[in-house]
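Following this message is one structure expressed as structure tokens.
Letters are used for the chains, namely A, B, C and D, taken in the order the chains are written, and counting of residues starts over at 1 for each.
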Amino acid sequence: MIKKLTSAVAVAAGIGLIGIGVAQADEIVFGVPGAHTGDLASYGLPTINAAKLVADKYNAKGGVLGRMIKVVPQDDQCKPELAVNAAMKLVSEEATVAMGHICSGATKAALPVYGDSKIVVMSPSATNPPLTTSGDYPNFFRTIARDDAQGQLAASFTIEKLGAKKIAVIHDKGDYGKGFAEFAKAAVDGSGAATSVLFEGVTPGAVDYSAVVQKVKHSGADAVIFGGYHPEASKIVMAMRKKNLKIPFVSDDGVKDPTFIKVAGVFAEGVFATGPQDSSGNPLYAVALAEHKKAFNAEPGAFFFNAYSAALALMNAIEKAGSTDYDKIVKALKTEYVETPVGKIKFDSIGDAEGVGFDVYMVANGVFVQAE
Amino acid sequence: MQDLKKSLLTAAWFMFLTFPIMVIRVNTVEDTIEWRWHNLALVGISAFILSYVWRYFMVRRERGGGKPQTDAAPPTPAWVSIVIEDKRILYPLLAAFTGFVASFPFLFSMYQTNIMISAMVFVMLGLGLNIVVGLAGLLDLGFVAFYAVGAYSYALLNEHFGLGFWVVLPLSAILGTFVGVLLGFPVLRLRGDYLAIVTLGFGEIIRLVLENWGAFTHGPSGIANIPRPGFLWIEFGLKDGITFMYYVMIALVLFTILVVTRLKYSRIGRAWLALREDEIACQAMGIDKTKTKLMAFALGATWASMAGVVFAAKTSFVNPASFTFMESAIILSIVVLGGMGSTLGVICGAMILILLPEHLRAFAEYRMIIFGATMVLFMVFRPQGLIRDRRRKHTLKKPDDTPVSGDAGKVVDAHG
Amino acid sequence: MEYFLELFLGGLTRGSIYALIALGYTMVYGIIKLINFAHGEIYMIGAFTALIISGVLAQFGLPGWSILLMTLPIAVIYSSAYGFTIEKIAYRPLRGAPRLSPLISAIGMSIFLQNYVLLAQTADFLPFPALLPELAFMEGFSGIMNSSELFIVLTAAAVMAGLTAYIKYTRMGKAMRATSQNQRMAMLVGVNVDNVISMTFVIGSALAAVGGVLIASHVGQINFYIGFIAGIKAFTAAVLGGIGSVPGAMLGGLVLGWTESFATGYVSSDYEDVFAFALLVLILIFRPSGILGKEEGHKV
Amino acid sequence: MLKLVDVHAGYGAIPVLRDVNIEVNEGEIITLIGANGAGKTTTLMAICGLVRARSGDILLEGESICGLPTNRIVEMGVCQVPEGRLIFPDLTVTENLDMGAFMRRDRKGIHEDAEYVFNLFPILADRRHQAGGTLSGGEQQMLAISRAIMARPRLLLLDEPSLGLAPLVIRQIFDIIVKINRESGTTIFLVEQNANQALKIANRGYVMENGVITVTDAADRLLANEDVKKAYLGI
């Protein structure tokens, strides 16, 4: 037993001593937690780019309040337990503000950690309503509209513009997709003009979705609302069209992604998806796009503009507050307007951005255009 | 010369094998094709070098392979024996270690303390699974189900009835045992691999129910704001809460080690071992097979469930994403890489598998591929794990050095 | 009734794919009693190789069917080569080790291969070209079954018939059967067991590649993770039918496909997988060796 | 024909055979007798390459077969009827015989040999479409021997062919062994616990104790040997 203990000493000591965080006092540590590896990495990585671009911009002008901005990404793979670790890591590195977590579940798990250390967190992508509506997280802000707004919009669009009477609601059983689908269903059933004839979850990664498609067909639905991400959406749309089911397909922000069109090809034509209000007319939008193309030589990925806006809003708030004091930053966020790629925004009392909403888009000739 | 030829062949083979995937990258989204010829050279050179390394270790393994499995562990390095035998060195070292463990939260940041708690949660899980797999030899691929039961029982009992950590911890232990018996009863008469797939199925079923039974479990959006444990009437802030949890975990891990060690050398422990070695002989000796297996299954579930409670309290949030097959695989790897049956091995396994990826955040992309390769290499070159299980031996008499031919046949059967 | 037929045919398609992959599991298990967890990844690698090769070929502007004719054999060859190599690296050195060791090694191999493709290619879903031709005469039935589904079912049936004949009548097939029944005796009549094991991996992997190419062409997209889920399901199918039994794998695949299809159609797809696994548990409780499996002899 | 020179072998670290020297000449029937656990089966397995000899050498017609894979050794004409018979349980009797002839390519010869063994054991002909696993113990032993004959071995190794069989069947089996030896000139190496029966048909015998050859002599003289009588013949 003694022998065992001594080797345990060695192992534990060895592991314990690796990597002890270092923070420098004269920097503003800008944490960017989110999914940077794993299957949702494509939603998290663009936010790092956005943070870096904004930080570079400020640093070139001498930083914020005379202090340089240091971007510190932390990976959470969208897993709650890793999100808590990432949050603690940022706290121990004395982050001033954080932009992230990507997934709502991870964000919920991590927020109390930031809350305790008085750190403002702003997510570019976490759309779950209770994050703001529950009132549990006063330190939380976001530059994206809530799922309930999105679900409501998808439902009313399907009923009013498409004239659907019987609507099949499908989701991917995920945090985001099921949330959206539930709000859409509630909106459909509450509208009085239409009913939801089907509410089903599909298993992401299943071999095929023909059974669900047959079920939709069997239900006599005249439109489908789908909550989830583009891989499942494209599989379902393709299966529907191949089975001669030509009813409208309305989906969410997770589908409003150029990849969806590339993957689904011709079958993508005519698909509707809600997405953040089109702000491409906004001058800052063009600036951010140009900066990204210059720095990374590629088109920006999902949530890039929301992230860029969040980074600008955070830095602006610190500047306006004139300090890194939590209360002052919060006050500045709620009172001071800031120009961002998603529009001129400030935050309401619960942390949602005012003036950020959703629009409905449609695939026409291989691109998303605003739907009439 | 022979070696050179072999290595060249290996290199050529791997260059062929990895050609499409390593060299050509077709992006059908962007409609681009990228040829990465440098990768071909890279694969060739690494395969060439690695084939030498592989052969070297294979030869070493062959030589070492003849050594008896039953005999004592490999010779202890000199420094270890010096340290152990000299009490002047040993006691201060032990004291230093105890001191280090005790003062850890004050020496390191909250983050470090927190991942230490994570690691200890996995130590508990590993020790629990060790009862099932390491001691009783039942391959359970759905162990994470019991972990989920614990985590959700705390989350739900807290949400609906406001029960605290200290009330739920023993409750969840009972619940875990109960679920273990419930799931164990129908499946335990299955053998080996069938048991493995059915437990995998149960693990998935429990996760799917958590995901889909929204009215009860809040589905994929999970349950938030789960409180950390307090002490009597004291509620802690975040930092003190984490520190307190650290000590709670230390106590729980010590308790687990104590119980598992007692179990291992108890009557039931010997029955498990006998069961693992030979089920039929075991029955012939009058061991109640079902009861013994069920004990192992239920006890494993008990610890997993308790670890689940700690997990829920630590993360303050649960959703089904934390209870996938991958978690089961990681717990199993902890047990196997650490050394099946060995308590210290499991502890080291958990520390390495949980802490290393945290510290290797910089290599995040390569983390999993290294993890996979390590599992294979360990099985090939060190199947007994980091630390070989050593059992107390009862030497009644010197064993006869002539084995019976029946035994001999069995050895070959095992090869077959 | 039409609804029933639709679900039946949907389950048949899905079940055929499960069966194609399950054959690899069952053959390997029959011979060396190993759950080859990495088999799902072989299926994924088959699909990926096909994606890459067809992408390169498409540059030459060849017609679709000729791309399929060239892509499929290459994918099959590569998958087989991977199967062969994996056995040599991860399983052969572990002959005679305790049962758990090769299983862990297989899980490790599975994780390794997933991440290998992830790192060398991409994490994103990639569109897979529709390699299977559209048949004109199927146009009228497209509501219940389309061309690619027909191809899948027919190919699966042909492959299985071929495999059954191969095992029954060829020298290698006989050697496989003998080896699976008693490895030591097979050696004593002169069977080169190492070759038989390698061949088993090669054939199983080839079948998985066929399944991979067919399904990828049918659903139109793949990523590095498709092998894991398909693998677990196919393995379930193999156990359901009685692992080690070739007709069992086929039957198990179809039963599982139908279960999932009808469960989705008549109950809810929320619990599709729950039904699949619950069926497995039930069958194993009442028939511990699967539908067509034989009770293993208890060795004393 | 077959020569074991100072063979040491065992399992893992456990030594079983020590310094075993055995010589089998063309056309002979040689028997190896000894108690349960003496190392007789191990000796056969070492010859067939199923157990690797740690030192010493095994020669087949002067050529070393040590370290060769089993299938190569079988190809060279060594065939074994293992202890416990090891019938392929799911193959039919005919298929089992086919497997015996696995190394052969002459269809006609195989067919003739199949007829030959069906003559030898008419009961097998009656059961030719039955699965091997459904046969009785005696029938399985007949099938195992027939399967070995199908390989047309030059050297036939038999491991305890009498184990668990009724006396009548044992006599029949031993008669056949002699017949194979006489008619096709097959050299036979017979391992038996039933020393009395074995020595009666053998030319020479070896006695093994604890992995060591203790006595070797002509069979009739071994039958008369007092020590052997006491230890193995139960007299």
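Simple rule for what comes next: contacts are C-beta pairs under 8 Å (C-beta built on N, C-alpha and C of every residue); 3 or more make two chains touch, one makes a residue touch a chain.
Values in this document were obtained by computation on a predicted structure and should not be read as measured data.
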Exercise for review: Count the smallest number of chain-to-chain hops linking chain A with chain D, moving only between touching chains.
Suggested key: 2
Check your understanding: Hey, how far apart are chain C and chain D in touch steps, shortest way?
Key -> 1
Exercise for review: Name the chain pair with more contacting C-beta pairs, choosing from B-C and A-C.
Suggested key: B-C
Check your understanding: When the C-alpha atoms of chain B and chain C are each averaged to a single point, how far apart are the two points in Å?
Key -> 29
Practice item. Quick one: report the Å distance separating chain B from chain D, using the average Cα coordinate of each chain. Key: 48
**Study point:** Geometric centre distance via CA averages, chain C-chain A, whole Å
**Key:** 36
Review point. Approximately how many whole Å separate the CA-defined centres of chain A and chain B?
Key: 34
Point to revise | Where chain C touches two or more other chains at once, by residue number | key: 124, 126-127, 182, 184, 270, 273
Review point. Can you list the residues of chain B that touch 2 or more other chains?
Key: 28-29, 212, 365, 412
Practice item. At least two other chains touched by the same residue of chain A: list those residues. Key: 173, 201, 259, 262-263
Revision key, fill the gap. Counting only contacts in the complex, chain C reaches chain D at residues 171, 174-175, 177-178, 181-182, 184-194, 294
Study note, to complete from the structure: Within their complex, chain D touches chain C through residues 48, 50, 69-71, 74-75, 79-80, 82, 86-91, 95, 98-100, 102-103, 147, 151
Review point. In their complex, what parts of chain A are in touch with chain C?
Key: 38-39, 41-42, 173, 200-203, 205-208, 210-212, 214-215, 217-218, 230-231, 234-235, 238-239, 242-244, 259, 262-265
Revision key, fill the gap. In the complex, chain B touches chain A at residues 28-30, 76, 80, 83-84, 90, 93-94, 96-97, 100-101, 104, 108-112, 114-116, 118, 211-212, 214, 219-222, 224-225, 237-239, 242, 311, 314-319, 321-322, 344, 347-348, 351-352, 355-356, 358-359, 361, 364-365, 367, 387
Check your understanding: For chain A, which residues count as touching chain B in their complex?
Key -> 2-9, 11-13, 15-16, 18-21, 36-37, 74-75, 78-81, 84-85, 88-89, 91-92, 104-105, 108-109, 112-113, 116-117, 128, 130, 136, 173-175, 178-179, 201, 259, 262-263
